[in-house]
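In what follows, chain A forms one complex with chain B and a second complex with chain C.
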Partner chain A sequence: MSSMIYKKKSPLILFLVPAFLFLMVYLYYPFFQNIINTFMKIGGLGRAAEGLNAPWYENYQRMLADPYMRTALKNTLLLTFCTIVFQVGIALILALLVDTIRVGAQFFRTVYFFPIVISATALGLMFNLIFLYKGGMVNQVLLSLGKLPTEVKPSGKVLVEWLDWKDQAHFLFTMFMPVMWQYVGFYFVILITGLNNISQDLYEAAALDGADGWKRTRYVTLPMLRNVLCTCLVLAITGALKVFDLPWVMFGAGMPENQGWLTGTYMYDQTFNKMNVDYGSTIAVLIVVLGVVLSNVANRVFRPSEDI
Partner chain B sequence: MEALKFLCFLLYNDITDMKDVIKICIKERNPMKKTLAMLLAVIMILSLGSVVAFADKSVTLNVVTSYGGDDGNRKNFENAVKAYEESTGNKVNDGSATSNEEWKAKVLTDFETGSEPDVLFYFTNADAEPFISAGKVVSIDEIRAEYPDYASNMKSSMMAVAADGKQYSVPSSGYWENMFVNKAVLDDCDVAVPGPDYTWDQFLADCETIKEAGYTPIACSLVEVPHYWFEFTVMNNGTVENHLDVPTAGDDAAAAKWAAGLNDIKALYEAGYFPANTLTASDAETVELFNAGEAAFLIDGSWKVGYFTENAEDLADFAIAYVPGKGDRSASEAIGGISMGYFITKKAWDDPDKREAAVEFVSQLTSDETLSTFVTTEVTALASGAKPAGLNPLQQSAADANANITAIAGAVQDLLTAEARGDLFANVQNVVTGKMSAEDAVASAIALN
Partner chain C sequence: MNTGRKTLPQTLTYLILGLWALTTIYPFIWVLLNSFRKKGLIISDSFSLPLGDAFTWDNYITAWERSDFKNAYLNSFIISGTVTVAVVILAGLAAYGLVRYRFPGRGVLYSLIMAGMMFPVFSTIIPVFRMEAVMGIAGTGNRWLSLLAVILPQIAGNLCFAIVILMGFIQSVPIELEESAYLDGCNVFGIYFHIIIPAAKSSFATVAIFAFLWSYNDLFTQSFFLRYPQERAITGLLNEISSQAGVNYGLMAASVVLVVIPVLVVYVCLQKHIIKGLTAGAVKG
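After this line comes the complex of A and B, so read on.
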């Protein structure tokens, strides 16, 4: 009797259908409706379409010619690259370092993971204060170190030339740094879990063969960590394409001078502030296409090894 | 017999009977009677719930206003809401926020997605047309058919009329926009507080003096709130009478004065009179620059008086003066009027529990007594006028300045659609940095209006 239960697979459908229906209603239907919306003229969320655009592919034409869209794409791809190098890179270094210490490992795990649990809005406000133009933390440190030019006016007033961390020369650093900082802990925890799963026998064998610390890392740790690293990289790339909240809180609509757009912030601005729902939908389609393509490329490049 | 006891309980809600019923349910061995007892027990529990629900008649109203953030009337609004809650026993879910383009867009989106509040304090101009034309708010006439005294303390002539000829909102206090000055900075630079005959040339000379002394002449975030300077520079290139003319083509007279106004802002930017970070700073940052005695001039509205009342170290350092005049405009001509009011949404009106609560809320917040706490120097639609008392030095300064105002016009930006306005103000940074001509910025906005 009990063997029959395992042979008869049809009841499993009952358990799969609810999730399938949920995804159909809340993911696939909106997704296909969104594609249809890109061809329509829609002047506000919830408003009925006013008919087809003329020509029907007008939004795609506009997107190709839109300089802000090009800026958004460039910034998003740069953010993706920085995510790979800095988020996963720093997380890997921190994980390797914490893995080698015996005392305080749990403390560092908690400390590095902590930024993940803080809301992006709160983080955005905090970094706004850190990078504030007049009297922000970074500028005050620079002033106290004598790194900011000052001028004493004839009236005796001291004029400080504060550094604008949101201007065109600095905004990429100011925008990307908090994003990197927030998620380093996430990848750190994944990687350190992977490190804990590496058998101590391998390290003992390497030590018997005369491998020192660096060689153990190079020839044992990193190869054994390859699959976990690949997962981290794919997560980081797809995650970077969706970044929205922190940059929006800190930079709003394309600051500075429309150079600070990301695909996510530009889509939000077009849809919710400019009421260009159809154009916002077109940008959303591009984000999905970009996500699928890049995650596929990442999956192929960083394909997990079946030998491990 | 047991069933009779249940009925007794249902009729009289006697707790002693209820205990008996439970005992019966447990002891009863007859299946038929047991089923009947269980059924009646369920009815009893449901009836108990309904009795509890019926007893709690408190209503929770969802209210959205612009009295959020650092609005000068935030405290007055909180006090008015508290008084309403205490007098009615109702609760208010306050979803207020600072008014800006994003907030306006969010309110409209809430209407379009069916998430509108019960009572809304919002702009009464073209901004309100999307939800008025969609029938999402109730007209004053419809409310008065059931509540004849609704808004009877207001001057009907000062209540906004929608495109369909009906009135929908009960006006609160009005507003004025004018020039705030930091007298301490002006004193330090030997610059006189501007009078009602202040000219643009005098202003440029004063700005240069202030800049040379190491202060920022004008506190303004051109990326967040360029509209204050836009309104006055446009009026400076036209007249108070034609200020509300909206361009219909890129080469008409209204478009020309809009472009000239934008070019005046560009000239101020190029002269270095705005804060060095005006294209990346928030409005809060530049206002604080002014408050901290680092900037001399700030164009803002009557709502900012309350901010300085709460945050200024010494109110006597601040005064309300006049925006410099140019061409046919005198500095004594300003922007002002009544642009906002309370709407009751159809959703609340159609809810029997909320209808009266919403009417009572608006009535209380627009009563003579409550509005007198909101109004200090602003325009009011109250038939008997507001009676503000105990003006502080800045409020007195505003009252004195307003006494010299010779003419007033509404803000022309209120006549633009959200999309056109958003486009126009987003392009101000492109105009001042030379990435776009003022004429192109105006043409781009007109195309979306």
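After this line comes the complex of A and C, so read on.
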């Protein structure tokens, strides 16, 4: 790129300064200020810090002792795990299947991707209707299949024992299922792109060696896809840690009975509703640290060595 | 795709693929049907077509009258439109500079952008709120200032992703085009506007669509800055409806449809750009 056009560097200022100024003020500065805030005492959103906490690591101490924080962390890690296994897993299966068909690949791509562009708020409301206690979509199906206990009163009225999808026994499923469902299409499309990049020659060579069907998938496709899968994994992890809208619309503040916190919803609630602003910052720092650590672990474990 | 050996019989393959397609389409159809169903019928009979007596427009009328959808649409389009334009301009210039110029510190800037993609909005929102409160933008109760308060952090939140995507595409523009334009007397700004933008048009479209959708769909940032009824944008309004509608399920269904429609239109018209752009960014990132 030694073109003479770009020898003169002065226009560069006009190209770079606006964007980076913006990033400095609205991304990098707040990010570091947020870390500083975790050691400060802040009385309310938008207020200045009133000085250092006593002791300065008070918020971190508090986080270790906070049972709701432990719940939030547990749920979020579980969600991350489920995301990796089911979201990427289902996406992989669908991508491998679509790769074998001749007609309709474009259709499936469009349809699978669709939920991603819809706001999680709208999806939350939609799933609230689907999992409605009295007469939601799922419960109506269960009723018509005869899976719900019913009792016919002497007056002829039918009493149904509806299944509460948001109670202690079911809320994890009800909360995680929509989150995972929404993003399957995202990983599906990434994996399909990866599959299309695998050279036909490899398959032909494998066919000459007598590998077909499952063997072909196991020894050619999956190894060639490893890099893309690893990217999916990192995206799934960071994505799971950022989840907020859907659970917030469906479960609000930690329903049921403070069992349903995620790190994202807990951070919002502490900052915005409880006005524990400095504690909210601390939770945010934890979210960042988790993201960095987990995606590094995923990279270490799954990223293939460069020579493949 | 061409080598003819299959792991599964074709019918079974299509069956599985079709089942998943059903899970992504049917919920929306179900909501759409029930948004036209008379009150009370949703919880007893939600699967039939809402025909004859069961059909009603009431849910939409109630939704439109009870909640300020018109205002919320306007707010949403002001916010997302401004974010989109700003992101495209700022990211385009920065990506061009980073791709074509060689200068000390280029690597550092690139790493900063990659790191910026990893910052979740949780980790910046509190200082941003404080900063904007000091500037007199946030928490004033003035509608236009509040909208600006959302717009600025949303621009920053979309910039890194946009720069990464655009860099990928600008890299693939053949430099010979620029050299011949230069010999014709074009300066770098002329080259940017007359060569680069037309050549990388589709990636600019991708970035614009994504900035728009993310901004339109975002609830977290909006709920920090838009706190008064007249400031509320679409997702905030929807969140409010969901907590206030109680047992008026038809109203909820109608509201979901009203929010999803603009996105559906954008998606159907532009889905090639959307899917291509996102995967390009993700695979590179």
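Just so we're on the same page, the second predicted complex is superposed on the first by the 279 of 308 C-alpha atoms of A that agree within 3 Å, B and C clash if a C-alpha of one lies under 4 Å from a C-alpha of the other, contacts with A are read in each partner's own complex, and residues count from 1 in each chain.
The working rule: a contact is a pair of C-beta atoms (placed from the backbone, for glycine too) under 8 Å apart; a residue touches a chain by one contact, two chains touch by 3 or more.
For clarity, every value in this text was computed on a predicted model and none was experimentally measured.
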Superposition on chain A - do chain B and chain C clash or fit: clash
Which superposed partner A:D164 touches (first chain B, second chain C, both, neither): first
Which superposed partner A:F86 touches (first chain B, second chain C, both, neither): neither
First, second, both or neither for A:F31, with chain B first and chain C second: second
Greater chain A contact set [chain C / chain B]: C
Chain B versus chain C as contact partner of A:F176, first or second or both or neither: neither
First, second, both or neither for A:S155, with chain B first and chain C second: first
Touched partner set for A:W261, first chain B, second chain C, both or neither: neither
Which superposed partner A:L132 touches (first chain B, second chain C, both, neither): both
Partner chain(s) touched by A:M275 [first = chain B, second = chain C, both, neither]: first
Interface residues of chain A shared between complexes with chain B and chain C: 45-47, 132, 134, 252, 272
Residue ranges of chain B in contact with chain A within the complex: 101-102, 105-106, 108-109, 111-114, 130, 188-189, 212-215, 223-224, 276-277, 279-281, 285, 289, 294, 418-419, 422-423, 426, 429-430, 433, 435
Residues of chain A that touch chain C when the two form their complex: 1, 3-6, 9, 11-12, 14-16, 18-20, 22-23, 25-31, 33-34, 37, 45-48, 90, 93-94, 96-102, 104, 107-115, 117-122, 124-130, 132, 134-137, 140, 181, 184-186, 189-190, 193-194, 200, 203-204, 207, 212-214, 216-217, 228, 231, 235, 238, 241-242, 244-245, 248-249, 252, 264, 267-268, 271-272, 277, 280-281, 283-285, 287-288, 291-292
Of chain C, residues touching chain A in the complex: 1-3, 5-8, 10, 13-14, 16-17, 20-21, 23-25, 27-28, 30-31, 34, 42-44, 46-47, 89-91, 93-94, 96-98, 100-103, 109, 112-113, 116, 118-133, 138-139, 152-153, 155-157, 159-160, 163, 175, 178-179, 182, 187-189, 191, 213, 216-220, 223-224, 234-235, 238-239, 241-243, 249, 252-253, 255-256, 259-260, 263, 266-267, 271, 274-275, 278-279, 282-283, 285
Residues of chain A defined as touching chain B within the complex: 43-47, 132-134, 151, 153-155, 157-159, 161-162, 164, 166-167, 171, 252-253, 255-258, 272-276
